[in-house]
Amino acid sequence: MTPVVHVENLRAVAGGRALVDGVSFALSAGRVLALVGASGSGKTTTGLALLGEHAPGVAVSGRVAVTGRIGFVPQQPAAALNPVRRLGGVFREIAALHRGDPAELVATALRRARVPADLLRRYPHELSGGQQQRVVLAQSLVGDPAVLVADEPTTGQDPITRAEVVDELASVVAQGVALVLLTHDLDVVRALADEVVVLRSGRVVEAGATADVLDRPREPYTRALVAAQPRVTVPGDRPARRPRLELHGVTARHRATTVLRDVSLQVGAGECLAVVGRSGSGKTTLARCVVGLHPTFGGEVRLDGRPLPRSLRKRSRAELASVQYVFQDPRSSFDPHRTVLSQVARTAVRLRGSADATAEALAELAAVGLDEATATRRPAGLSGGELQRAALVRALLARPDVLVCDEITSGLDTLTQASLLDLLAALPCAVVLISHDLAVVARLADRVAVLHRGDLVEHGSAGDVLGLPTHPVTIGLLGRSMEGTEEKRT
Amino acid sequence: MSLRRYAVRRLAIGAVQVLAVVTVVFLLVQALPGDAAVALAGDNPDPRRIGEIRAAMGLDRPALDRFGSWLWGLAHGDLGVSLVSGRPVVAFLLDGLGPTLVLAVLALVLLVPLSVLLGVVAALREGGVVDRITTAITVGLHSIPEFALAVVLIALFGVHLRWLPPTAVGADLLAQPAVLVLPLVVLLARPVCSISRLVRAGMIDALASDHVRHARRLGIGAQRIRFAHALPNALAPAVQQVARTTDWLLGGVIVVEAVFVVPGLGTILVDAVAARDLPVVQGLAVVFAVTTVLVNLVADLIGFRLAPRSVAIA
Amino acid sequence: MRGVGALLVTVPLLLALAGPWFVPDDRTRGGPFMPNSWLGTDFVGRDVWHQVLAGGRTVVLVALLATLLSYLVGVPWGVVAAMSRPRVVDDLLMRPLDLLLAVPSLLVLILTATIAGPGLPVLVGVVTLVNFPDVARIFRGAALEIAGRPALEAMRLQGESWWRTSIVYPGRSMVRTLAADSGVRLTGALYLVASASFLGVGVPPDAADWAVMVDRNRVGLFLQPWAVVVPAVLIVALSVGLNLVFDRALRAEARS
Amino acid sequence: GTTGAAPAASAPKAGGRLRAAFAGGGAKEVLDPHLANLFVEAARSKALFDKLADLGPDVSAQPRLAERWEPDATLTRWRITLRQAAFHDGRPVRAEDVLASYARILDPNRAFRAKSSLALVDLANSRAVDERTVEFALERPFIEFPNALAAFGAYIVPAGAEDFAAPVGSGPFRFVSFEPGKSVLLKKNPDYWEGAPHLDELEFVIANEESARANALLGGQVQYAHDLTPTTARSHTGSDRMAIHRSPNSAVQAFAMKLDRPPFDDRDLREAMFLLADRPQLVESVLAGSGQVANDLFGKGYQYYADDIPQRARDLDKAKFLIRKAGAEGLTVKLDTSTAAAGMVEAATVFADQAKGSGLTIEVVTGNKDSYWADTLKNGSLSSFRSGAMPIETHIAQRLLSDAGTNVTKWSRPEFDDLYRRAVSTVDGAERGGLYAEMQRSLHAEGGYLMWGFADWIVGASPNVGGISTAPANTLDWARFDKVWLG
């Protein structure tokens, strides 16, 4: 079979630094090639080069040959949809560019991407994240592209959605499209890819058939990457401890819609409570009620038996220090105008009156692998994974009794993720961990709470919930995770 | 919130606003030095005569009493009669509304395409010569008061070159469209500048956005990208500005009306304030406030359509 | 293009601020609109050059002061409305402004000016009154967005001081909004000051004031154009220059 | 005088429509001639209606609808014979109409402008002798009764007329249509008693801005532009598109000092003020040379004007001396002014400049223009003043008698009141002239009006318009369109 994609010695340089350095690969129709690697290793840059694009300030050289049309599913699908256009109009516009009956073309593309046709009357903001992703996929599929480039299609999706996306891509490939997959999610790679190219700092570390590379890695880097991947295992039961943080009948709403209904939970000292659920089920809202960022909730949050003021403004320094939060989106939780170090150190200054906050901050940053050179840059100079770690240190400097972590592993490669999980496991405080990744949950959690559309549908020890799930959502989440791990394409 | 419920709620707030506006205007007019009798007496301010005029106008009744009966009339759709001429206020408003509406509507009809065109052209050539020249001109024009621009245009095109009639004196605006050219140019100069700058800024942002980049990848043509994808995003702030311009236009383009002799609402307003003709000022305030409320409502509804996201969040 | 903006700002600004010191005390009066001195005479026979020297300060000061005052009132107004809890405060602050916006600004201008009579403070007040609701609205929007930012929430979780969470961070974040707004706002203030003289508001009709000069001398445009042209060009140069300077600063800031 | 490149068409020609641009009062204008207040209303009333008398070029009363008038020996009964004239609807103008018109003006429940001038008519005892003869009874002897007949707004309307939506008068033009604040269209009255007008049609259009009136004239949109500035006149002198017509002595420009309060209750200080004013400079800069220097007296060129009193000139040294003598050195006086009339503010600042170095400081205060006249009648001590043409007798009666309604200078002298009473009951013209001269001498010596100039009234017209008179504004021949033709 002749390759439809042929890349030879691709280089991308920005400001004297090589972002991509001598990448070569080829891909035939109906096959899947995965580019894997840590955050910042050059995946997106390579993917854009296939489209003949590059970020401003980046110079690209080398040979890129693509036969036929190429479709692209970008890393953030929400940003790729025009907020003021209904979906239908844009689809008709795209269809008009191709030969054939427009209605037919759109219908086919929607069917292939599993987008219900009645979504066409909506605006992008009226869709869930997963739906947005599928809509963008459908847009790329109109008129049968020869090649599809999908950039991190599963990042930040819950296991059920993630599995759906994998299924969709699989069926697209089955129809003869060549797929270039840019991801750090090895489960997805196993599920979809025929070949894997492992990138590290822009260089190809290892390449070959998926089974060869992932199951019998030759390079130490690849081996480490694969080894660090957590698996969903059913943990054994640990004895319950005296509750530190208690939630009683927490009910929260965003304007008129109730997003949390009568949720009661507890976490003991040194325990880890995992909160899982599909996207939009209310996990972040729950976290914000606990840390005082959603002061209008009903019910009560208690720390060591004493009710915590609902609003951050009413909390004393000690109370502030005792409950800390790591935001879901690390980049937006930093002030872009100040260095990361100075921002991280402020916690120690304000909440503990530390005399040498900077030294303390530097030490803890170093412990999570961030050196001084990195920390003294502004947030824009750090990768997503680095910022996530900095945000964690910022919270930990308060020496909290309760730490609430919202999706802190989603943007990370397996190696970085593993080191972070080790750090969390060693924490003496109570941890509330919000995660889509049940493998992470299984690794850390003592107790698991499952939220579904604002209701607490399951709550118990990790062994019970993960081992003997009773609610269909839990079963769904868990089942899909297992599937993702075990299913392999042949 | 549904569009209709939103509109109904806004209208209810609007009614309260109108009431508040007329109250404020009443208080302000009461606070003006002198009253209608003094103004009418003019350079013959014999106190006895002023007293007689005051009695004839009913100004000797307490202010609250007069305001009360005016409000009572308003509730019955009656705007009262002019203190000075005794003609019904409605007749004044109808007289002035025609010319002002002709000017305002024509200005609006021209304003939107003109400023969009200018803004888009400047944005597509961002940083280029065309962009810099339009920027300098729009900023310069934006700071020139209408009267100064009008003086120059009249002197040049009306008097010196004789290409266009220098005023609209005694003319029927619709029958002799030539008289409208200069007033419209003067009227449009400032709003076109401000709105085209907004469109330009919005367009530049939109052209650099991810969704436009994505649309390009999908192979959509350059023209469609510019006008169907980028432009709608650039229009939302411009629509708000257009709404405010409408208010300005309907609020009587006093200067333009005076310089070009268009007997519209602006002229009536100035005269009525000078004559302290309270019912007429009040009637105008009602018209202005109602228009402002409606125009802003329409702008918000259009904004709802143009930026569905922001309204949903707000 | 480089430096053009600065030049356009400096010349009128220098003339405006330093000019009054160079006006001789014993000014003579001649016939109106005579071409007998450098820039001729104005509508009451005063030397136009002296009037130009003396007349910039009011225009520039009023425009600057009014703009400054609009921000001094409008920014805290909008920020307090946006950040306030309970939200009733927001309504209490913003509803009256909606009301102000529902009265045509011209009506406000004519009525308040007639009530208050002429005088520079009145002019500053009126221009501020017309501008600040708009400023408050813009900055309320900006502050609402900033108040919801995780970065600010993170600072509050860190127990940051009121000064840093309510002033330093929002202030820094609003600089761009401010810079983008202030060029246009200053131009608008200059325009309003100039228009006010046409409406007979604020300054006495024969004041030494660039804006008044444009209005009052226009009758003599055919006899002696300098009395109109020079002050008009100075006003326009000032606004164009200010906008060019602000634009450049904004672009520089965006690049960094 | 009249200037312009092309001389006005010399021989009168019939036909055509003349459009005349005036400043207006916006939509508040009405066609009721008794309510007339503005120039445009006066001009329109004049075209549609007649008064019994009107003011001639020397501002003395001339017969109009009245063919002649005869007082009895007591000067309290006046027999007036009407001319044969008809209203536009064909009905003759009768004595009854005259009595009804005056009764309407004098209605105690209304406030027409002519009321004060006609107040001395004893209506109950006046009567219609026959169809064309009226006998008026007056409350006191009054030789100047014709001045009252010529008063502003004393028009004769058909008896019972109340609705002036489509007015019917006896004037040279008939009503066609009216759009308030915009225009009034009239057509000629071929049966006018003084002969039909030359014009077929006359249209009054409203343009409040002076520049707009001038531009409309230059653009050929109107043929007559009322009330132009000297600057406009100068700009277009010699132009082939605009002829300038000046009416000298039309408006007096002055400062009014109040005599009943400090500091101007001091006669020396008033004289000092008279001597401070540099009148030629005021005329030069404020009136742009379009006017004459005044001598602190009203009515230059009018009947009874005392032109034998020597012209005052600036004398700074003497003024300084008088200021010191009055103990007013270092005093600051507020000069109230406003834009209520053209040139007042400018005159005030020029005068304030002239007072520099005299020991007295004059501070100009600009007040509200709409209530200016009422404000300055009561408040302050020094104010700007301006007045249009009227007979000298009327000026005195309205502004200088102890009980006058608009006595802005608070001039209150029993002996002066006496002189006036004697003058208006003196039949002999020469003797009366002597009494007026005596009154003017005392005003000149120690009165409160510092009258510095008489402004020309300036009208622009197309060069082909003929028959425009240069009589002072407010007199009969001013804005008299039945004598005007389009060449």
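In order of appearance the chains are A, B, C and D, and numbering begins at 1 in each one.
Here, a contact is a pair of C-beta atoms (placed from the backbone, for glycine too) under 8 Å apart; a residue touches a chain by one contact, two chains touch by 3 or more.
In UniProt terms, the chains line up like this: A = Peptide/nickel transport system ATP-binding protein; B = Peptide/nickel transport system permease protein.
Just so it is clear, the model here is predicted, and its values are computed rather than measured.
S.K.: Which chain is in the middle, if each chain's centre is the mean of its C-alpha atoms?
M.R.: So the chain sitting closest to the middle is B.
S.K.: Would you mind checking which pair of chains has the most C-beta pairs in contact?
M.R.: Looking at every pair of chains, the most contacts join B-D.
S.K.: Indicate the whole-number Å distance between the mean C-alpha point of chain A and the mean C-alpha point of chain B.
M.R.: About 51 Å, centre to centre.
S.K.: When the centre of a chain is set as the mean of its C-alpha atoms, what distance in Å lies between chain C and chain D?
M.R.: Chain C and chain D have C-alpha centres separated by 44 Å.
S.K.: Please report how many Å separate the Cα centroid of chain B from that of chain D, as a whole number.
M.R.: 40
S.K.: What's the distance between the Cα centroids of chain B and chain C, rounded to whole Å?
M.R.: Roughly 21 Å, centre to centre.
S.K.: Multi-chain contacts only, two chains or more: what residues does chain B have there?
M.R.: 32-33, 151, 270, in rising order.
S.K.: For chain D, which residues are shared contacts with two or more other chains?
M.R.: In chain D, the residues touching two or more other chains are 211, 368-370.
S.K.: Which positions in chain A touch two or more other chains at once?
M.R.: none
S.K.: State which pairs of chains touch, listing all of them.
M.R.: Those chain pairs satisfying the definition are A-B, A-C, B-C, B-D, C-D.
S.K.: Which residues, counting only chain D, touch chain B once they are in their complex?
M.R.: 19, 21, 25-30, 37, 109-111, 113, 115-116, 179-183, 203, 205-209, 211-213, 215-216, 218-219, 221-222, 340-341, 368-371, 373-375, 377, 386-387, 398, 405-406
S.K.: With touch defined as at the start, can you tell me which chain A residues reach chain C in the complex?
M.R.: 291-293, 295, 311-313, 317, 320-321, 324-325, 327, 329, 332-337, 346-347, 350-351, 391, 394-395, 398
S.K.: State the interface residues of chain D toward chain C in the complex, per the touch definition above.
M.R.: 210-211, 229-232, 234-236, 281, 284-286, 288-289, 339, 345-346, 349-350, 353, 364, 366-370
S.K.: Per the contact definition, I'd like the list of chain C residues that touch chain A in the complex.
M.R.: Touching chain A from chain C are residues 85, 149-151, 153-161, 169, 172.
S.K.: In the complex formed with chain B, which residues of chain A make contact?
M.R.: Residues of chain A touching chain B: 51, 53, 69, 71-72, 74, 76, 79-85, 89-90, 93-94, 97, 123-125, 136, 139-140, 142.
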